[in-house]
Amino acid sequence: MTQLPRWADVVLVPLISLLLAGAISAIVIWAIGESPWQALKTMVDGAVGSAYGWGYTLYYATSFIFTGLAVTVAFHASLFNIGGEGQAQLGGLGVALVCLALPWPHWTLALPAAMIGGALFGAAWAAIPAYLQARRGSHIVITTIMFNYIAAALIIYMLVSVLKPVGQMDPATARFPAGTHLPTLHEIPGFNLIFTKQVPANVSLFVALFACWLIWILLWRTRLGYEIRAFGRSEPAAKYAGISPFRVTMYAMLISGALAGLMSINNVMGESGRLVQNSAEGAGFIGIAVALMGRNHPIGVFLAAILFGFLYQGGAELGLWTSIPIELRTVVQGLVILFTGALDHMVRMFLGQFFRPRPLGVA
Amino acid sequence: MAATGTTSGRQDTAAPEGKAPAIELRGVSKAFGPVQANKDISIRVMPGTIHGIIGENGAGKSTLMSILYGFYKADAGEIFINGQKTDIPDSQAAIRAGIGMVFQHFKLVQNFTVLENVILGAEDGALLRPSLAKARRVLKELAKEYGLDVDPDEVIEELSVGHQQRVEILKALYRHADILILDEPTGVLTPDEADHLFRILRGLKEQGKTIILITHKLREIMEITDTVSVMRRGEMTATVKTAETDPEQLAELMVGRKVLLNVPKGPANPGRVILEVENLRVVDEDKVERVKGISFTIREGEIFGIAGVAGNGQSELLAVLGGIMPATGSIRLNGKDLDLTGRHSDGQSRRARGIAHVPEDRQHLGMIMDFTAWENMAFGYHNDPAYQKNALLMNNAAILEDSQGKMERFDVRPPIPTLAAKNFSGGNQQKIILAREIERNPDLLLVGQPTRGVDIGAIEFIHKRIVELRDAGKAVLLVSVELAEIMSLSDRIAVMFDGRIMGERMPEDTDERALGLLMAGVGGEGA
Amino acid sequence: DPAIIYDLGGKFDKSFNEAAFNGAEKWKAETGGSYKELEMQSEAQREQALRRLAETGANPVVMTGFAFGDVLNKVAPDFPDTKFAIIDMVVDQPNVKSVVFTEEQGSYLVGMMAAMASKTGTVGFIGGMDIPLIRKFACGYAEGVKAANPDATIVANMTGTTPAAWNDPVKGAELAKAQKSQGADVIYAAAGGTGIGVLQAAADEGILSIGVDSNQNYLHPGQVLTSMVKRVDNSVYEAFSEGPDMTTGINVMDLKAGGVDYALDDNNKALVTPEMQAAVDEAKAKIEAGEITVHDYMSDETCPALTF
Amino acid sequence: MDYATLLQILDSTLRLATPLLLACLAGLFSERSGIFDIGLEGKMLMAAMCTGAAAYLSGSVWVGVLAGIAGSMVLAAIHGLASITFRGNQLISGVALNFIASGITVLAAQSLFRQGGRTPPLSGDARFNPIELPFAESAHAIPIIGPFYAEVLSGHTILVYIGLLCVPLTWWALFRTRFGLRLRAVGENPASVDTAGVSVIRLRFAAVAITGILCGLAGAYMAAGLQAGFGKEMTAGRGYIALAALIFAKWRPWYALMATLLFGFFQALALRPDVITRLFHFSIPVPALDAMPYILTVVVLAGFVGRAIPPRAGGEPYVKER
């Protein structure tokens, strides 16, 4: 296969994959008897056509940044963490326990504590699959899938049997104390000029942006990041260099799980103010698409998260205002993952036609 | 370039009786992406002969044979079998044409039995039972005919390498191969096994089979082949009758110049003992004992060379010293024990103790191909305080600057530290690794195959650097399969065979012949 | 325009949400107006859906299901000019109308019918999610059964503890088969979409079933004894008709108000004997007159006729 | 627990184990050929929707089954294309296809029937009806065995019996036929098959196609056997449980039967928490029972109960020329 220039690999391949996914989605919309153009317009209007729409798009994007980074860090160590969903749910539990533990006087105190809670629980949930991979060679993909389901069961048990307040019917925790309320963009001076109404996007967005920067530093500026990347590219070489596979696997997965767990400050603490069942709403899986799309780089992840935020908010609007079911966004998400993650060679082969080097041995 | 008129003249003499050659290739070319593995190759092999093919690593021997066997598709060229032009689009066609091949890396299913492996792809019907019964019968006959004994119900992973090779040969014979290709069959064999193999090959030849034998070993060529072809850098440089040539000529044809590797170096001044290895044993992941209790010492200002056929425990020895594999026994560096199994048995700890390591397999171990040159310059030394900005961050600028200097001093071309490692040629990749390791000024330098696949200019440069390090009073452990390199570089030579040291020699007291015998497990005091 | 949000089972659950849907459709057919609707996809989405609808100016916004209670409590104050109606839950906000039904009364009636139709003397109850609301159904049902046949045995199962229990027909079918093997020959399903599986399995096994919320008699004609109808459709219709001036506060829909009833139509005519009908109608009159009080589980979380 | 209850739970076990078994055997073919497939769930779901829709529209359950198989095969073909032809990441392809199936089934069902992403309920010939095995009625007379035969074995739909039959069939195909030998070889060392003159690509596509067929049956059973019609996400993670069962079974057909029966038993037991409470005098939380297959699989993966060694070439695309 011909090697593509770097810019083509970084920009062109994801772009073409995205276009392909978009084209097929359009065909699907058309096939169910709706107008793709109308659908796109509804999505664009609903997601980015107003400050209100942006408020939701950014809210979703915040979650996706966290889970996208989670997948990214693991990917760099050549670990495919599909357990983001479970880790995010456990993170939600951690956040909920912290928020409910004390009558928090102010969010500035509650947020760091909740972050620690969410990260710790998320990391703990990633730790077992990581350990099993590093020490016992169990495939991390399978164990993380299993842990997603175990997490769901655990959360149900916790909500139904432990955390549900007496007299409440739905399986959810009590409302968090008022002191844990995170300011939404509507409540932040400056931003409230744009966001004139209550929107779910909240200060977690800035935590997410900070996390992007931090992960970039981690991967390309620290020894651990160096080791993670080296290990991910070649395990034998890493061993040669004295990099411990166990250490790197554990750290990469712990960081990955912590990031997934951190997502919960956005949805559990920032938006719903209590823990409900299935709080992560699939964001853990979207992290895979985001990381693939974002080429495993924090900047790419940020951009891809915005894109998926758009897709999510736009998809919700579709469900609201058209007869196109909201599941369309699941299809688009699947298509993006398929084209960027599994059919990328197809795209590369196709692009290779245009970047074929002059044949050798002519001279 | 090197293909002269005389060589093509010789080629025509290979068909005296006017019989059609069993195999004839005309103008075969094959490229893997940018690598031209075979360039316009023509060759004839007469029936009932053993034809040798020699050439350096990467010369394109395996590729050519894989084309003949339908494993790869040639970009250009024609194939004639027994005078008939034959298309070989896949291995099925090759098998149909009577060709069998024993690959350099066996193509066996590890958890299948011998029988299952033999019938795979050559079953007689949709059901297995009759096929298995028939194969059992045929195998028994073949065993009698050629001395190819192997238990048909044994699972492959339980078999020794030599037996696995027999299974591969049986596979070919079971498919009625008249033409048998063996790709470096003796590389993995003990001398006994190799002898046995050669007996089998002679038996096959007597039955009228045609055999193509790829090897690096001139001795084997001289011993068993009727004709021999030489390949260099993807081209066929000559085909000659074995009886009409000698090893020196073949070597010259192979490398394209007179091979006289004489490194200018003064006499050694061995000082105090740096490394003491005692009764070292290494068991690999498959629980096979690779190093079976070896002991030696290296002093400062001394190059200790370890010769031997690949796969006799040298790699494992390097891996243990470099902190990649655990071992038992004892190793003392500067009088202090090295941890062989515990927390301090990793590469980091070794480097901290002053051991630098240029691994045998530079692409898989020595560097990260996707990393830039400067990132690779810190590989293994990324914890060096000089490379840190503070407790948290690495000082990339410092590494970059450091790399720039090293690349210039080691004449890495192009001297651009921001280029990805995979974009350097093999020789220059090797220089990057050497620069990284040698400039650490280690007490002990481990070097494996320092000049494998490296051009002459670079070889001289690399040898000079290694000698310089010695002259600076450091110890060097050199592992190489190139006897010439061992002979010219080492101050003391040990030969490893089957996980043991067969003997130690001073270069001035020995010659390649004597070492070759030791490498084959003959004589010596360690056996 | 008015708007309605259906709970997780979806508007075609043939039961609770579908009743609401029918009410909305009836309003649409009669007034020619249009309304917005939304189906919940996940637990975490409730707030967005609610806000988004209120945001677009929909008024009133009706939602079906107790699970909206918590978020409505949070969202309603943000939209003081919008009226909200919630079914099956009491939310104490000035702009919210809370509609609750006396399901125990309707269940009592179908319980009597079950006991009278049973040949084995064992009847079954399959609830959806195990919450007080569903226990209220079960308790009323059990009282009705005992009233008709004091010796009857009642087998009661809940499908689960999470909202998924509303939409698990496989589990419903398996539970029905299990109850049949325990002798039950009439099974009352108060389980939303899960009930579809219960009714199907009962029909397959040749025993009778009782539908819930909507009139489900038509699903398996001649095999569904009756349905405990909960006139969610009427409530939705009413809320839509009142429009932005909807009265707020608690609205109790009891037997007398036509909030609950048992269903009798061509599909189950053959199953309901005249004695049955007479007995049930008598009980109905007595309940309306206050001569019989059916115990409300949610009032004290106990049930005299059934232990859970 | 009395015998009748036990029989009832076993009866339920067999029903619930059937989709797991079919999907598990489906995965077995694919993974034995070296193609990892975490897309079993998606294929089942797709098949369930196609079956529900086609059976309703045609009134014939067999048309439904064919449609289900076709639907599942489409996804299998994409997976094959991605992981065999284009040598993509098999795990990612599986994840992607699960998402696509999850969405597209609802889209299609909604656009066809406008019933909130469901297909209309199936009845009569549009659905599998239980089959009474011969002498089931009279067998009751025989103690122990009789009721077991009549209650547990008899009275299931045809696909249950087909599923059970698939076990020896799979074993036979895998270990007694040429196809099986080659299939196992290609999952262990594709180069061995290639150099023996057999096409790796064709073998792997064949395996993936069989996976498609079996997943199609599993989905058809969900929609027309276990239930009467398709509902959103109706497979509810069964594809993943089947995957777990496959690992638990160490990629062997008879063990697959055991594993899926065990996991089906957990599911049946989760339906009857009352039985457990009565039996052990304490209540096991239902979520714990739900999670049991996953927990057990992790335990097996961790190597505490024997070692689960996947086919050696699994997950790796076969590349001859770099």
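As written, the chains take the letters A, B, C and D, and residue 1 is the first residue of each chain.
Here, a residue touches a chain if its C-beta (ideal position, glycine included) is under 8 Å from a C-beta of that chain, and two chains touch if they have at least 3 such contacts.
Being a predicted model, the structure only gives us computed values, none of them experimental.
Trainee: Greatest Cα-centroid separation from subunit B: which chain?
Mentor: It is C.
Trainee: Any idea which two chains share the most contacting C-beta pairs?
Mentor: Chains joined by the most C-beta contact pairs: A-D.
Trainee: Quick check: how many Å separate the C-alpha centres of subunit A and subunit C?
Mentor: Inter-chain centre distance comes to 39 Å.
Trainee: Go ahead and note the Å separation of the Cα centroids belonging to subunit B and subunit C.
Mentor: Going by mean C-alpha positions, subunit B sits 78 Å from subunit C.
Trainee: Roughly how many whole angstrom separate the Cα centroids of subunit A and subunit B?
Mentor: 46
Trainee: How many angstrom lie between the CA centroids of subunit A and subunit D, rounded to a whole number?
Mentor: Averaging C-alpha atoms per chain gives centres 30 Å apart.
Trainee: Do you know which subunit B residues sit against two or more other chains?
Mentor: 33 - these are the residues of subunit B that touch more than one other chain.
Trainee: Please output the residue numbers of subunit A that touch at least 2 other chains, ranges allowed.
Mentor: In subunit A, 156, 160-161 touch at least two other chains.
Trainee: Can you pull out the residues of subunit D that are in contact with at least two other chains?
Mentor: In subunit D, 117, 287 touch at least two other chains.
Trainee: Every touching chain pair, please?
Mentor: A-B, A-C, A-D, B-D, C-D
Trainee: Quick check: in the complex, which residue numbers of subunit B touch subunit D?
Mentor: Listed in rising order, the residues of subunit B that touch subunit D are 32-33, 69-72, 90-95, 101, 103, 107-112, 116-117, 119-123, 125-129, 131, 171.
Trainee: Which of the residues in subunit C come into contact with subunit D in the complex?
Mentor: Its residues touching subunit D are 10-13, 39, 157, 160-161, 167-171, 173-175, 177-178, 181-182, 193, 196-197, 200, 204, 219.
Trainee: Given the complex with subunit C, which residues does subunit D contribute to the contact?
Mentor: Residue list for subunit D touching subunit C: 4-5, 7-9, 11-12, 15-16, 115-118, 121, 130, 151, 226-228, 231-232, 234, 236, 268, 271-272, 274, 286-287.
Trainee: Under the touch definition given earlier, write down the residues of subunit A that touch subunit C in their complex.
Mentor: Residues of subunit A touching subunit C: 52, 56, 156, 159-161, 168-172, 175, 197-198, 200, 267, 271-274, 276-281, 316, 319-320, 326.
Trainee: Can you check the complex and tell me which residues of subunit D touch subunit A?
Mentor: Per the touch definition, subunit D meets subunit A at residues 38, 78, 81-83, 86-93, 95-104, 106-108, 110-111, 117, 237, 240, 243-244, 247, 285, 287-288, 290-291, 294-295, 297-298, 301-303, 308, 310.
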